[in-house]
Amino acid sequence: MTDKKNGNAFTNNPIVRAIGVQKIVVVLVLIIMLVFFGVAAPSFRSYASLLSIMDYTYYLAFLGIGVTFCLITGGVDLSIGTGMFCYALIGGYLITKQGMPVIVGILVTLLCGVIMGLINGLIVSKGGHAPFLATLCTMMIARGLGAIFTGGVSITWPLSSSPEGWTRSIFKFSLASGTKIPLGFLWVMIAAVVMSIFLNKTRPGRYIIAIGSNKEATRLSGINVAKYQTLAYVISGFFTGLAALAYSSAFQSMAPGGGAGTELNAIGGAIIGGTSMSGGSGSIAGTILGVFIMSVLQTGLPKVNLQANMQQIIIGVVLIIAVYIDVLKNKKLS
Amino acid sequence: MKKKLLAALLSVAMVATLLAGCGGGGSDTTDTTETTDTTEETTDAAETEETADAGTAAAGDLHLEIVSKGLQHAYWQAVLNGVNSKAEELGVSVNFVGPDSESNIQQQVQQLESALNADPSAIGLAALDTESVMDLLNRAVEAGIPIVGFDSGVPGAPEGAIVANCSTDNLAAGGLAAENVYAAIQATVQAATSPVRVGVVAQDATSESVVNRGVGFITKIAELAEADGKTVGMASVSNERYVTDSGVEVNDDADFIIEVRVPASVTSELSAADASAILEQDDTIAIYGSNEHSANAIITANENLNKCGTGEGQVIAAGFDSGAGIMDAVRSGLFLGAVTQAPVAMGEKLVETLVAAANGEEVSDIDTGCQWYTAENMDDPEIAQNLYE
Amino acid sequence: MDKIRNNAIVKKIGFNSLVLLVIMILLYILFAILVPIVNAKANTTFVSWSRIVSALNYAYFLGFLSLGVTFVIATGGIDFSIGPVMFCAALISGYQLTMKGWPLVVCLLLSVLVGAMFGVFNGLLVSFGGLPSFITSMASMMIAKGVGSVWTKTQSVSWPQSAAENGAYRNLVRINVGGVDIPTGLIILLVGAIICSIILNKTKIGRYILCIGSNREAVRLSGVNTKKWETLAYIICGLMAGIAAIFYVGAYTTVQPGLGDTFNNDAIAGCVMGGTSMAGGVASIGGTLIGVLIISLLQEGILAMGKNINYQYIITGLIVLVVVYTDLRSRRRRS
Amino acid sequence: MGDVILTMKGIDKSFPGVHALDHVDLEVRKGEVHALMGENGAGKSTLMKVLTGIYSKDAGTITFEGREVEFTNPREAQDAGIVIVHQELNMLGHLTVAQNIFIGREFMKGRLIDDKKMNEEARKLFDQLGIDIDPTETMSRLTVGKQQMCEIAKAISHEAKVIIFDEPSAALTEAEIDELFKIIRDLRDRQLGIVYISHRMDEIKVITDRVTVMRDGGYVGTLITKDCTKEDIINMMVGRVIYEDPKTESQVAEDAPVVLKVEHLNAGRMVQDVSFELRKGEILGFSGLMGAGRTETMRALFGADPKQSGDIYVNGEKVDIKTPQDAVKHGIGYLSEDRKRFGIVVDKTVAENSTMASLENYMKGIFIDKKKENEAAQKYVDLLKTKTPGVDQLVVNLSGGNQQKVVIAKWLVRNCDILIFDEPTRGIDVGAKSEIYHLMNELVAEGKSIIMVSSEMTEILRMSDRIIIMCEGRKTGELGIEEATQERIMHAATLRN
């Protein structure tokens, strides 16, 4: 007796279900895009453009991993965009302007992320605010805080040429021969694997999914919902700190008050990757793929001589399509 | 409802402590009111309370309001240092403000109006967009408050509003960069059999100084290329403003192609994408960033492409202003060189002109000029003083 | 306390808005005291007519944005596209006015029309497409930025000066009568607010919008076409963004492509601060108006003290968090 | 049957205005399937909620395994060994079966969850119960039956000693019910105490050892299943003396025209080929047990939910009703069973709720004519004698009965001729109930026609002119009031053809 309520032959075969239909679609879309840009812009195929895509992917991937946890609890974290800039500005300021050792700068950056994550978590779980309103407020606060702390000055993290510039080589190691290895890709993969295990294989991860799936049932199973909900936002904050390190290593300088809009690319990447807006389902691998699509779009479109403003429209449309698929998927599920 | 009132008082009290308490955040170098307060104390004790009118009052009573284009880039820090040192010397109080980004016209208009309301002795202004401040300029003229333009000044201002300008001639600055870049690529251009491409990375197509530096570069380099008998054309993907303003026709199969890229919004990642879109093309032989933001984008893009340099077959790169990234690029030979304005001098001259204007003396325009600096001459004191981390 | 609550006038304006009015006055007094102390040397006083008029510059366009988004929040949704839609409307109509020589009145209507079209786009996607409103409006924010920039080929657009030929629209913002600036914009904003209040409380649209925000299914089962009315809320919001565009260029003249998203946060903050509940069903136009005035006052105060403009973002964020917290507590006690 | 494991003695519980439990006793032995029967609202679920700590009891004692217990939340009861398998399952749709069973009590291998072991354990539980479910399957992809099996497996994994099934078979297919019974017998053989709440008479005979019957919150008696007949149980369930005089003959005029005709209405499993007629001035009662599909029929008729097929005639003329909007246009009003969710807009005033369905008649140009609206609302407040300080009072502050009157007013303001009352007096105190009945009779006298869905036998007998009985989505009986008796209704209500 078939105990499957829905799904045709394709969606029921075990391997497909193991990877997840959405992820396969995303991989296909990614391949099609790479082929399209490869054909349309010959320079796209070069190793160098792969490096520039990587630049763009590191920080977006870290943001994506972090925000995926919030999305899975059925919430959202809008403060990751301006937060990334705020933490990097504070950390960078301590290093370049106050002469503190680089390690201190890095630790402060990560600590700021964790603290902001904790604040977001407590406001959402204890204060009862709607997640997107709470993080909208912390988005504004983070934007102002970074600028106030540095007094409105752009901050450049130590350059690779200077001795303290080793943070940049963490993400992009240049060999003696001058060729650059996208080391950051390794860290992103490691983080993705670790967090994927954390999400699917550890108790806190399991409860975060449970909260997103059915908060009341989770509470009735005797699980401290507020604690794990806050944990999701702390994880998002920590990864925003990591993203701050990645961004400040890839790009020369960071202007105060920047970063607004970046959260949209990260959230869009997570949704394209199959994480549902209503919570309960989501995968780190899917998010990484979704982020890849966003960064290929952002770096590929200028190469096909598309005016900058057309890029904005295309990415906006891609986002709406991704969300529509998510809504259809949920309708089928419920 | 008591809760509601409690919340109200709480938020107001919070605002009060936040504002009054930490004057300008942990930083010391930045907030000018902080430093000028200290200069306030150090000047002579005869600090008089009554407001100074525009007459020949003692220097100590003059209050100057300076509205810049922002504090984000290191360039503005240098202008600020010049302003502060001269203000200290002359014992005048200065309030130096600027919007949080160079494209935030709304904030600058608001700041200029607030400056007018502070009834200062004179105002220094670096307008992001003249049209947006026209009414305020007229009000300043009526109120008899002299305005001195600086950086890119206030082009197209109404009659009598701007008493003097101490600014950089951005068109000339662009031309200076073009001359030096062309000198380095002339051999390749003359010998070239197939089309060659020169890229311009611009932060926006709206602010006067950025556009003029781009147009100045394009017109000069086009002139030099035509002098060598090459047909010159703009790439079709180039930004319209630069095509119309420079007067160079769009022609994708000219011998000497100039391609101008402007990102959707002013972020490092989008400018870096534009820079790499230019650098990747095989026929690109030179690239120019028309301000600190765009020059940094070229460095970021080059980190992956390794195309820039002054050696054989490398792309000649030129930047603008300085800051840690660009100075390092010039010193290491990644950049052929870069144009620096004289921000420190500009700050000092600005305060001098403002004090003179406030005292009703005759003032005239000052071109603080700009220099092309390379690895060789960047350490000469005369240039070094204009470069800043 | 209850005696105050039940007397007629208080009921009319709404107790909530009165509390906010008190906050605004307190804030004004606070700045009047602080400015001379903090910004000692600048012989500036905060209490001056020209300072008020300059503060109001920010309130006009923000007021219309905030009034518009109040309708959407009343249905339980949110609209993040209002800032860039305002800029897109200003860019397109400005371009037609200055480059294509269209008559001024047509351009003003065009601006409102562009805003309304984005409202239709958002409304159809959210109510008929069933998409979540916050991610949809974020996506349409990007599209609005792109469309504006494509239309004007990435150029910024400067609307004519007041003295210039088509400069009459400036009188909507400010008229100089015998040297004194009359903030006509404020009067129009008040009229706009009254109209919105009437729409929200006195007409069918408003009644259905508020009821949908409170209990959508009960309204649907009463035989009301909830999809239509919800789309209307988004159309009104877009329309108001188009109107806000006129007041933005009236005060600041020049608009650039690709900007406007900081105004989303301020508009939503103004609306939520005013007592409109994010869960939908409860909205106060008076509260929104005063919330907007508080934010404008905040900006002017910070400028007058020569402080870094970024304080405004921090303080607005904090105030909204606190106000929403007390609103949640009182609603939780009641239900 | 083993010795006693659970006894509930003299349990009393009342909510404002409703005396839900009145001295109820229940005794469950090890290795026994003890049925708990009674009409809707007889207090069965309330008793179980008191047992598991969801509600606190006013009086009486609960002894479990010899010692007196007092649970404050379901988790405590679960840990002690008393588990409820609810009808609406509280499950985590996105997680797998094994993950659902062991939520909160995962098997760990160091810091990581040992999913492999959990799947094995789940498989062991399923083997014990003879169920074949893949533990790695996502919960939401299972059928309701399978999901219920998982809940049972979860109970077993808690080493439950008493398992309570609350209407388990309502949503199951025949095959799934057989599988369920196989499991229940197996649990009984393992000396667990099983409480089986259900209406299905034939199931009771098949699976249970003893039957306790409740009526109107009171304990009626306990029978040995094999020694009693279906009629004995029905008599105990309905054997109440009818205080109010039930209607004896139909008030409908002979020549009353048919105002509403429904033919072959189909809407999913719960509405299969239902046809009926409603005549002018008639109260048509819809009786049946929980899960009979009466509400689903009404929502399909009203256009609230989509229907597969079915023709609807209003006053003889065929109408096409796809949305509530169409139904209201044709003069049909629907008072849903869940007032708070579907009936009223809580934080709006009485006046605003009253004119919700007919706002266009109260406009003055584009403005709402507040005066006319208040007048209309006041008119019906007086007519229905709704107790409210004023028409500008927020509906949230009114009592259940008065809220119901506001909903009725909403449809009267719209002057709908056909009114569908779905459980009109649920959660309303006795005093307000008779007012609602009186009001319904007046409406019908004025020529309106009413369809009344009700689970209270007394209400059906007292109000209806004709009664239609449904069981599991099908119409299983139609009786004129003169021939209708409690027993005949209940017989049809439990008739599963």
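Letters A, B, C and D name the chains as they come in the text, with residue numbers starting at 1 for each one.
Criterion: a residue touches a chain if its C-beta (ideal position, glycine included) is under 8 Å from a C-beta of that chain, and two chains touch if they have at least 3 such contacts.
Keep in mind the model is a prediction, meaning the values are calculated, not measured.
A.B. asks: Let me check something: if the centre of a chain is the mean of its CA atoms, which chain is farthest from subunit B?
C.D. replies: D
A.B. asks: Find the two chains joined by the most C-beta pairs in contact, please.
C.D. replies: Result of the pairwise contact count: B-C comes out on top.
A.B. asks: Just the number, please: Cα centre separation of subunit B and subunit D in whole Å.
C.D. replies: Centres of subunit B and subunit D (C-alpha means) sit 73 Å apart.
A.B. asks: If you average the Cα atoms of subunit C and of subunit D to get two centres, how far apart are those centres in Å?
C.D. replies: Once rounded, the distance between the two centres reads 48 Å.
A.B. asks: Quick check: how many Å separate the C-alpha centres of subunit A and subunit B?
C.D. replies: From the centre of subunit A to the centre of subunit B is 34 Å.
A.B. asks: Subunit A: which residues touch two or more other chains?
C.D. replies: Residue numbers touching two or more other chains: 147-148, 151-152, 256-257, 261, 307-309, 311-312.
A.B. asks: What positions in subunit C touch 2 or more of the other chains?
C.D. replies: Only 145-146, 149, 154, 258, 308, 310-311, 314-315, 318, 325 qualify.
A.B. asks: Could you list each pair of chains that touch, in label order?
C.D. replies: Touch list across chains, by label: A-B, A-C, A-D, B-C, C-D.
A.B. asks: So in the complex, which bits of subunit C are touching subunit A?
C.D. replies: 78, 125, 129-132, 134-136, 138-143, 145-150, 154, 257-258, 261-262, 265, 268-269, 272, 278-279, 308, 310-318, 320-321, 324-325, 328, 332
A.B. asks: Mind listing the subunit C positions that touch subunit D in their complex?
C.D. replies: It is residues 198, 202-204, 207-208, 210-211, 214-215, 217-225, 281-282, 334-335 of subunit C that touch subunit D.
A.B. asks: Which of the residues in subunit D end up touching subunit C in this complex?
C.D. replies: Contact set of subunit D toward subunit C: 302, 304, 323-325, 327-329, 334, 336, 341-348, 352, 356-357, 359-360, 363, 366-368, 370, 396, 410, 414.
A.B. asks: If we count contacts the way the header does, which residues on subunit C are in touch with subunit B in the complex?
C.D. replies: Residues 1, 5, 15-16, 19-20, 22-23, 26-27, 30, 34, 37-44, 48, 50-51, 54, 57-58, 145-146, 149, 153-156, 158-159, 161-162, 248, 251-254, 256, 258-259, 298-311, 314-315, 318-319, 322-323, 325-326, 329-330 of subunit C touch subunit B in their complex.
A.B. asks: Considering the complex alone, what residue numbers of subunit D touch subunit A?
C.D. replies: Touching subunit A from subunit D are residues 74-75, 90-95, 99, 103-104, 106, 108, 111-113, 115, 133-134, 137, 140-143, 146, 175.
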